[in-house]
Each structure stands twice: as structure tokens, then as C-alpha cells.
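Here chain A shows up in two complexes: once beside chain B, once beside chain C.
This part shows the complex of A and B:
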């Protein structure tokens, strides 16, 4: 709501509310910079957003009808496996006597608000940089998390839990006791790996693969599978040292919060950019959604200082630094097309049960090894009602891999292994959950860093295909250091009880009252 | 500026905290003073209850205050017949302990107060207590206070033992590095699954299951000792008996050696000496003078002559009677030797399981030849499965362990001595020799089972690594005339037992002080070689 008396000069303007943009906005605002944060769409998150079912339908419609507005997304195909209207609502499974809901498309529409479906589902490593940042900046109090309860893999044509913690290795019956010792020994040796130490265990394995190393160490095929595909999340060509680092990251995050190394944000990954926006607003950042930009200009004023001017809805906004998401950025501002990279294939499924029964509602990370030779490994995340992702009785399952052909051809073979995709009677007893709805799409990989032609314009990358947010955090910090050299990156924000309100402060100019009204990024 | 926040600087913060602390101290001192005055005046009232409660809420470990509270509560109970009101008072007390345990979950006095309240009140809710234990153990699964309290609660409310057993499984699956859980499990195990048919402590299938489970833990993390302890307990969970191993009857002294320490009541009830088929009455005296002893001296007035019939009737643990016939080995020197064995009495099924596990250990040992725990477990398995057949391998392993695990070299030495002597005892008990001589591949530094040799008249302990510390144990050599301690590491003659010797050989003990020996020789009238 920018009306006539809205200020036009800011120290930092951030365009786009993706993860990197939001972290930069928060960091700048936190140390006292005057920040305007805007987004061309009516919601937060950009390519990182979470949608309820109606919002998702809008997103799908937009991609199909106005490809220019969502130019990163293509090959999108949505499919229903259930009837438009349900005939009788609930039926009773005679064998078990407990009612199993027969879902219809109308039910999805009626409960649309209970869905929170991610466009960029990601996990946090319990000791990863994002968790540390959320804690050290005190932003964690704006977010809630759930522990991933299990890590599964696909082994010998079936789903298998991966023994990753000490307790898992102890409890598993899938490996013999000598294997247990070998597995624990390998994991311990990986945890002890240090790059600085020249004479480390892995020093001679520079040019070889992790698989070669594990085989050399005499590990059994099962153990190699667990470590290579499930813990490192790699494939047969994963270089040894890279794999060891991946494993170490995984292992170091064990034992902090739950039985696995991962946290999942309640209500979806799209919540996280909003947490940073909230901090930005608390420290005085101004928010404007639905505000596309038309033009970006730079001009040099006196003393050689460059000012960036943005045209937005026939208004000129000036700033010292412009931080802009790659998908909002005019092409002429980017120094070059992003480096050639592999696009991402994604799929989302809504199912009527978990892929593997468990005592309590599970939250699952499943890592598929490549099923065919030229495939990539596939990451699967299954989240249930307890995460606020869907209504009771349903699960939302995300599939992510690097694109080889198109999303549907890349991922459908994997989905068919774990879902019943035949449609039909939802109450029928099957060993696999029924797929009720599916969505396949490809996303351009916009995750490689792009530099701009102007010094004080900073382009933020889009989401990568990786499991975590680490690259986004790293990039945000780099951009912040460029804008505010020598300043602390997101120092701890005080708790309300630590704040002293001083009565004798001079009141700010008129507009800042309005800023208060807009300050909160969410309810 | 409006809306901008100002954060306290650390200096400010420090000063504020310091001030807060001083204020707290003032309040604390004031309250304690008031409590002491009221206590002196014996004003045990609600106000004192409140005062002590306030102090305890932040300092749960002042046991004096808990004592005062108990006094007050007891007084309340005496003067109040209203059950409901008292129930509320007790609830409040439980609430306070709960609050205090949040501050310090290992507060001895808070846990104790809780126990006291539940035992004192008429309407304890044990189920609630069990749930409290669950909650606390969820927060810290290794808090032994909570486990201890759980055992107390369980002893009162007697829930299903199976549930308790399953609870330990659950906790161990979360984290097996938990002595309390293993211990509690061991207690449940023998209660729940005793082997009624075979008379063993644990029924076969469960014994096997536990062995498997603990082996899993041990192989997952060999550096965690809790699992190994439980494994050793499981291996030791066999039927054991107390045996009369030998007796010696001479005109001057009658001795009876037992496999374990026993007291006088046991000895006199179970053991009968018969001379020419007549029961001999007499007095039992332990050879060390202790209440429990392995060697007992029987004093009686029946004369011992040549060619008499001597036998002993001994009642074994299961009530069966055993007759041990005496043999006149030399003139008027009668010895009765029992059959001895040291093998543990496992069932076939458990032996099979141990063999499986031995196989796994051997595989692992190939991969990690220097792994201490694997080597030790392999060795223990070898000994448990067939001590005789695997003797050489087991001893070699222990020698290797002394190098790998230097800190426990002494422990391995003791094991070597024990197993070597066990082996030699088995053959020595089959012949009638009255002389003992150790000839092991390596010298021993301890003398287990020495009472088994109490009948010997000549004991050669030369060329070992014995120190003067073994002197007290020599007291069991009651019939020994000729004792050789040549070439050992003796340092002093202090504590040398009062034995009826003819000759003592002390040659080759370089650290023995000659002056001391000379003083020693003056004290005794036997021949001392040095």
C-alpha cells in the first residue's frame, strides 16, 4: 500500500521474498539499515513458497496460463486419482471395523486450508548452518520444527530403515553383529575426518569414488548401500572425499534433537523466509507485496556514489543497495546467463497413508538409489498431518531429483514403487498407500550464483536441488558482507523482556507510524 | 526513535544480575533466620511450612528444611482427622518435591521426601508415581535416582513385571549406554523367566535372547562398558553350588575346605565327620578367625589312630547327601577329596549360542586384531565353552591382552593364575600326591583356590611373582611342613601367618631385608633358608 506520502528513499531495497533475499533483508534491518522489502506476487517466498490447496491451484493455473510470470516452472502436469464428489463420504472397512475416509476432490477443496504444500521442500541439518543461525540470531522463536523420525532407503526391492544412529545400529535386525561393528567403525572413522589433518585416513582416495573406498574396506553390499545412498545421498560416481564430507555432515547432526539428523519446519519450508521477514519488520523493515518492478536504473550522484532507482507502479524508489531475487531480476542487469546447469525434476503426491507403517505418525526422508544406470538418486520426503501439511488421514510426499528427461518420466517409476497409482477403491486393503493426487513439474536451476553488472545490485540465487538450506545461508551472508562490510551478520535479537523502552526518545517522522501497521509479515 | 529497541549492554546486565543475586541472598538469609527462630520455639505451623517451602523452591537440597516439614506434617496428621484436608496437604507436598526435582533432578532429599509422603499418607496414587518416573526418565534416561525411585514405586504397587521388563527394553533401544536399565533388567529377568525345570537362574530361550541383545550392543559400541557388564553378568548367571572340596584328618588337626566362604552355622549344619561310622562331635573354628571362611578347623576329642575308617557326610545345596571317603595317605594322615569342577553349568542351547557368538568374535578379531574388548570376550567365551580344550589359546589371548591393555595387566595376570590353577587342580585331585608344585608356562602373582591345597604337606611356590601381599592367604596351608617361596618378589615378612612349618625357603627374594629375616627366624623354631 504505497500511497503518496510513502517514503521513496531507502538504504536497502530487497525485491523478492525467497530465502536468500529474506535473510539479507533481516540482516540489514537488524543492524539498523533502512530496508524496503517487496515482492511482485501476493504471497511470501517466491520459488520457496508453501501454498494451501487453493493457493497451489492458483499457482498451477498461473503456470499454465501465464508462463511468463512463472518462467522457472515448466512441464507441469497435475492428475487426480479420485472422484470429483464422493458418493457416501465414509465407509467402514469390514475387516478392521475402523472407518477409512474415501476422499473426493470436493473434500480437498473443502479442507484446502489444512494443506501446506511446498514448492521447495527442504530439511535442516540439526547442526547445520541454518539451525545455528536461527539460534544465534534468536529467530528460532518465530519457527517451530518437527524431527524427521526415520531415514529409509530402497534396498533389495523394498523399503528399509537406515540404521544411522548408535541406537539404530543396536536395534536393527537387518545387519549381523560383525556388520554392526564394521558399520560403527566406518561411521566413527568418518566423523573423525578432518580436512586440515594432512595424514588422514582418506588422503589417498582423492581421485577415487566413495564406493571404491567402502569396497576396499571390506564392507558388505548392504553396508555400502546404507552409507553411499542413504547417508551420503550419493551414487556410484560420488567422489570419496565429497561423500565423506556429506556423511560427516549427516553424522555430526545426529543426537541433537531426535533420532535422525534432520528437522522439518512446521507448516512447510515456506515458513522459514517469513521468519526472517518478521525479524526484518520488527527492526523497522517496510513490507510491500503485490508490487512488481518495471525498471531498474542506476545513476551516479556526487562523490561518485551510485544510487539505484526502481520504477514500480509509476513510482520511483531510490536505494544505495538493491538486493534482488534472480527470478525478479531484469535480464540486462545480470552479467551473464547463469552457468549451464542441470534443472530439477519435482513431484508432489497426496496419499491416504504412510509408505511404511509405524507406531507414531512418521516423518520420513527416503533416499532412493538410482534405479536405472543413467538415473540420478531421488530424494523423497513424506510429511503428515502433524506437520500441518495436510488434513488428518493424508500424507504429502515430495520427490526431488536432477532432471534427466522430464519430471514425470524421471520420477514416476520411483513413485510407482511405493504408491498404488491405479486409482480405484480407496478402502481396498493394499500394502502400498493409494495416490490420490499428483503433480509433476520441472524447475530451472537458478541456484548458481549470478553477478550483476552494477556493484550495488546483488542478485540472489533460487533454490537448489539439495536437501538443505546451507547454500542459501552462505550466499545471504556473502551478500550482506558486501553491503555492510565489517558488520555482524544477524547478531542475537533481544527477547521482549530484555528490551528497555525509553520515554525520552524523540519521535520519528510521520510515516513510521504506518510502518508499524505493516510491520508484521504474518498473523 | 520510536519503536527502535535498545538492548541492555552486558555491563548493565552484569550489574543487574549482581544486584538480583544480592537481593536473593538477603531474602534467603532472612527466611532462614525466621525458620530457625520458629523451629526453636517449636512453632510448627502453616507459616513455617510456607517459609521452608519458599526456600526449598530455590534450594532443594537443604535437608534440614525437609526434616522440619516432616515434623510439621506429622503434627498436622495427629491433630487433623479430615482425610480430605490431609490429602490436600500431602498433594501440596508432592507438588513441592516435583517442583524441586525440576530444579535439581538429582536431589537426594527431594526424592526421599516424596517417598516419605507416599508411605505416610493413606491414599497414595502409585500409578501416578509410575507415570512420573516415565516422564523423568524420558528427560534423562540415566538418572539413577529416578530408577531407584521407580524400583521403590514398583515394590509398592506391583505392576506387571513383564511391563517393567519391556520398559527396560524400550529405554535400552533409545540408548543402551545405561547401567541402571541393564541392572533393572537383570532383576526382572530372574524374576520373570527362571528355568524351573533345569534349576538354572534364567530360562534357556531368554538367556539366549539376552546374550544376543547384549552382543548387539557390544558390537555396536565396544567402548561402552555397560553392555559388557551385563554380558558378564549373563555369563555368570549359572547354577552354582557350595562344595566341600577336601578334608584332612590327622591326630593334631582336622580341616575342611569349601569352594566358597561359609559361616559356622552352615558348616556345622551340613558337615558330619564319621570315624568308624560314628558321628564325631566337636567345635568348628575358622582358620582365619573370621565369621566367613573357606577353611574350617574341626576340634574334637576322638583320637585318630592308624587304619580307621574316616568319612564325611556333606549335604549339598539341593538337600542331597554326599559321602566323601577318607584315604590314609600316610600314617595317620587321612585325606578326603571331593570331585571338583570349574566349568560353568550352561545348558546345551546356551552353549550353542555362545559358540555362535564366539564365531562372530573370531571374525571380528580377524578384522581388528588389536581390539581389546573383542579379544577379551573371545577369551571369556573360550573359557566358558570348554576351558580344558581351549586352555592354551585362552592363556595366549590373555598374554596378548596384557600388552594391548596395559592398564589392566594385573587383572589379566589374576585371570591367568586362576585359569592355570583351575586346570592343574583338576589333575592334582586325581592323584594322591601330597606335594604341590606349580609349573606353569609363566609365573603367577596371585594364589586363588589355595584352600583346595590345604591337605599338602609340601608346597613349592618357587619361581613365581608372588609378593608379601599373599602372606595372609597362606594361612590355609594348615598341614604344610615344607614351604618354598624361593625366587619371588617378597619385600617383608610382616603378616606371615602362624603355620606349623619345618622348613621355609626364602632364597632369591632380593628385596627382603636380611635383618628382618634374622628377627623373623628368632621368632620361629623352624628351619629358614635364606
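This part shows the complex of A and C:
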């Protein structure tokens, strides 16, 4: 279809619409490179995509029936805890104030568009690199966010809010006055360290853990728990300096937008690659979904310059630089397999209520310490209808950890602490929300950088297990600098009203002048 | 409804490549027209304040940025649209035939709460040209068959009906909004900008 007017020569071709690929595409297009951006599937985001409920069912089916197309996903298991159809006339039980809706699988199908379920749910640190980049590049205008309203942890067999700000520390009833002072002192000193002071202070702690340091400083077990598991997001073996840096990152992002250091993108993390793609398109990038590639070849032309040629739908596309997602990249182009690393265990749950009641709809980060000795810490994100993630009355809850055994064995014990996973009557009064649907799966970790055998082929990593997007931003900038040395990475895009179209009709006779002079504001 | 201070309407313009979407926006907002065809570059969204029934309304009109050319508009583009303008070229029958699929695509992707009453407007553009191939009647009939969508014949080049069409778009979007009360389905969203309400000044590690 309309293939005859498909252009064939580009400076940069980007294959795959994951986070790293999309940032690189935007950055190249922004400084005037001629960019083609394609994806083999019919939607944006690759392994960073979010899906509505129908799209997610398609994804599940694909993993199960065509493992070659979703090579990175395995051990997938989906389970319903509710009936296929709702029984007639059962929702009228209104004796206790608000009646609870009884959800059926058919209801999920009917409201499938109201779900936006992420395959790579991530948060943004309010003063982290991605927020700064979105602002400085002006790409922030394509996105909206909500604040994470609380950080919780699991302490003494129950959910506990983590006091993170000064006000929280003073307000909390969970720790005594002496502990409060100790906690404040520790947090204040961590925020205060410069890079140099930090290296100095912790030079004798190189081979020790954060836990050892906090213990040495005389902190009580509760305080160690807050700092180590909830603020640093670590486990018992977290190295001291690394942990202190994590704490500092957390504390530095407090007080910008809300009560916690974190932002969540409206409609999910899968929106963000699309924001970068839009900027790329606005600056002339050509977009083509549903466009698989068959072959990648390189040939050397005059003066030793290498051109990359891609076969796609029996068309040859040429470029000076190929940027390609690791999942789309032919193996022979990669100089090495991605370094062996720990795969990721993930789970998604849809529940009929929040894990801990609150006045307004909460948006929660819960950091579980390891429940068993050889477990890893588990990150939990609970998002509700106000984020555009699900219909009213439901919550979507994501679980992420490093894989030990398989996703279900790694995560189910944690889920059972906070959900009622017994099925049964949804209206029954319980202290835990009912799990209505669950999905467990493992993802291969493709987040470590891979180099290619050809200088002008750049391989983009897949999503990591981390909480934020920082590694993706960092890698995208590195790739951009290789392609466009000396150029600015995503300079501020003008606001639409500042743009003067070069083909604008001007009044009066034309005369020769320098192109750049035309950008003066018009009255 | 009570006094809402400022109303923002997100308007998106859809239609095949080359029908004049960017030109229509540009004519409406900047009163400018360029004859030189170029797949959309640099067009993002344009804003214009209009007055509808004594209310000041800011229309934010979103261009496809050329992503429609190979059917690659992502779902993010459609989020939160308050109304949708479908454009075809009266000299190119294929672009008229595409209206149906653009409308369907919009309803699927944007999934408005009340699809039957969602405000669409159809613009038959380029009426200044001689080689017209879609008759007024054909245009009107199709619009009638789709729950009476308002139909305008426009020329972005000669500024024919452009103002009127966009006024209608704003009015219908507003009517829909007050009726269905669907304005701001998700309150308290955060837009990021450099002037954040940061309190933690001393720790500003901004690298810029």
C-alpha cells in the first residue's frame, strides 16, 4: 500500500520504538537529521508498550502461540479469579452503604479500552534525568503526570507508610522521638554530602554494606528498615556507597511536585516513547509501524564510507546510521551476546480495591524487603482509575523483582500478603482487596549494552528491572553522541507559536537574505 | 454550569495526507496559506482563543505531524480529544472514501464515553480548485447518514468557511462537554515545566 512513495534514503534509520530507540530518533531529527523510524508491530513501545485489555490478551496469545515473536518473554501464566458472566440481579445488595460492584470477565471485555496495562511500568524521579530532559527539550508538553502519593513498606507483617519528608518524619507515629531525631540526622547528612564528601566519608566502607553502615551508626532496626528497603530500595547486600547514592537520589527529588519523590505518567509508561516519537515526527521524521525488516547489510562506498541497507517488504532502504533495538537486531550484527545477567520476574494484578485505604485515590510505591533469605527485594506499584490505567472501582498492581526461580514462585508469596487470592464473593468484607485477575511472566534481561560489529550500527538495550528510566536516557544520549558528535542533545524545541514556516507566504517582493534572519518574532 | 475560568478544548484533525490539514489549521490560527505542498514538517499544535456564547475558549488544535502518512498514529495522539475534525479533498475521491475509516479509527483509539454523540465536523477542502470530483450532495449525504455530522466546504487557500467551521467545532465540543460533564475526567494532572513549585532550593543539583 502506497509503497511507491516510500522514501528510500535516510541519514538515520531507527528500528524499534522502545524508549532508547525513540529518544535517539527524536534527538537526531531535532538537530536536522533525516530520520526513518519503523517498528515491526502495529503499536509503539516494543517491550516498553502499554496495552488495553484486548491488546494485552493479544500479547499473551502471541507469547503462548508464537514464541519466536516474543522471544524475551517466558513462563507466562494468566489466571482469572472471577466468573465469565455476571449472574443476574446480584449487585443489589445495598444494605451496607456503598455496594461493591461484582466484576465478571465479560465486564473486563466490555470496558477493555479503559485499561492501560504496562509491560515496563516505571517511575520518574522528580529531579531525575528524564524529568529534566522532558522539560529542557520541551517534550513535556506531550505528556501529563500524577504524583505518587505514598511510599509503603512491609514491616512487622503489615503495610507501613514510610516517612520520607521532614514533615512525614515528624508526623509519623510509628517511631519514637529519639528515633525521629536519629532518622532526621541521617537523612540530612546524606542530602548534604557532595560527591567528594561522599567518597571521602565512605572510603572505608568500600567492601561493606549499607546495612552494616547504618548499624554502625547506631540506627534502630525500624530505621534501618526504612532507609535500606524503602528509601534506597535495596537488600541486605546493597553496597554502602551505592546505597547512600540511592538514598540521596530519593531525597533530592522530594518537594518538587508532591509528597513523594516520584511521578507516574498518565496512561502509563508506554506513553513516553510516543512523546519522543511525536517530537521526531514534528521535525520531519517519517513513521512506519507494521514494517518488519528482513535483512541488514552493509556496504562500503566511496572514500571508505559505510552504508547500511535494510530489506523491508522487498524494498531496499539505505542509511548512514542504523539504530536498532536489541530485540530486532540480527544476531550476526552483534559483537557479543548481551552480558549474562539476571532475568526479571514480573506480575500484574487487577484488584477491586487499594491495598491500604486512604482519603483520596492513592498512587502507591510499595517496597517489600526480601521475605526469605535468598529472595530479592520486590517493587510494587499500585495505580488506580485516576491514572487512566483501569475502570473505576479497580486497581492495577505491578510486581517486579530479579528472577530467582520463576515469576510465579518469586512473586506469589508477596502478592498473598496484600491480596485476597481465594476468589469467591467479591462483596464480602475483607481487610485485603480481592485479586480478580493475575498474570505472571519472566522477561530476559536485555538491559546491558551490546556493541555491534559495524561502527554505524547502534544497538539499543531493552528495559531493565530498575525503578526509573535513567539508564535508557543515558544510553540514548551516548548513542546520539556517536552518531552526531559535537551536536546538542535534544535542545529546547520551540513552542508552536514561535515556529516560522520556511514556506510561509511573505508579503511584498522577495529578496535574498540569510535564512536564519527570518526567525525574528512577528508583530 | 458555574463559572469555569478557562476552558481548553483539544481538537484533533484527521484525514489522508495532502488534504490540507496543516493548511486549515494555519489559516484559522495564523491567517496564512502556503501553496507549496510539503508533508507536514514543524507543525505540532496551534492554540487560538475563541469566544463561544460569551465564554472564552482556548482551542488547542493538534496536527498529525505526518504520522498518518503510513498509518502510524499512536494511541497517545488521541488521548483526551474533545472533538475531531475530519478533512478530505473535494478533488480527490479517495480521500473522501477514507473518511469512514478515519472516523472508525478515531472512535476506536480515542474511545470517547459517548461515541454516538461525539462532536465530529467534516471539512471538504480545496473548493477553490476547478477539478472538483466529490459533489456537495455526496458530502452532505454521507454526513447525514452519520448522525448528522456538520459539513463545511472550505478553502484553506482563500479562507472560505474556515473561521465558521472552527467556530462550529468549538461550539459543538462545548455543548457536548456541558451535557455529558465529561470535562476533565482526570483532575489534578501535572504538566512539567521549568518553573516548578520546588521548595528544596538548597539541594538544587540542576546541571543546566
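Basically, the second predicted complex is superposed on the first by the 489 of 523 C-alpha atoms of A that agree within 3 Å, B and C clash if a C-alpha of one lies under 4 Å from a C-alpha of the other, contacts with A are read in each partner's own complex, and residues count from 1 in each chain.
Please note the rule applied: contacts are C-beta pairs under 8 Å (C-beta built on N, C-alpha and C of every residue); 3 or more make two chains touch, one makes a residue touch a chain.
These figures come from a predicted structure and were not determined experimentally.
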{"item": "First, second, both or neither for A:284, with chain B first and chain C second", "value": "both"}
{"item": "Which superposed partner A:191 touches (first chain B, second chain C, both, neither)", "value": "second"}
{"item": "Contact breadth on chain A, by residue count: chain C or chain B", "value": "C"}
{"item": "Which superposed partner A:132 touches (first chain B, second chain C, both, neither)", "value": "second"}
{"item": "Contacts of A:356 with chain B and chain C, given as first, second, both or neither", "value": "neither"}
{"item": "Partner chain in contact with A:326 - chain B first, chain C second, else both or neither", "value": "neither"}
{"item": "Chain B versus chain C as contact partner of A:274, first or second or both or neither", "value": "second"}
{"item": "Chain C-contacting residues of chain A that also contact chain B", "value": "283-284, 499, 501, 505"}
{"item": "Interfacial residue positions of chain A with respect to chain C in the complex", "value": "2, 6, 43-44, 113-114, 127, 131-132, 134-136, 140-147, 191, 251-252, 254-258, 263, 266-267, 271, 274-275, 277-278, 281-284, 286-291, 386-388, 496-497, 499, 501, 503-505"}
{"item": "Residues on chain B engaged by chain A in the complex (per definition of touch)", "value": "1-8, 173-176, 215-217, 219-222, 357, 360, 363-364, 367-368"}
{"item": "In the complex, chain A residues that touch chain B", "value": "166-167, 169-171, 176-178, 180-182, 184-185, 218, 283-284, 494, 498-502, 505-508, 512, 515-516"}
{"item": "Sites on chain C touched by chain A in the complex", "value": "26, 32-36, 38, 41-47, 65-67, 69-72, 74-77, 79, 111, 186-194, 196-200, 203, 205-208"}
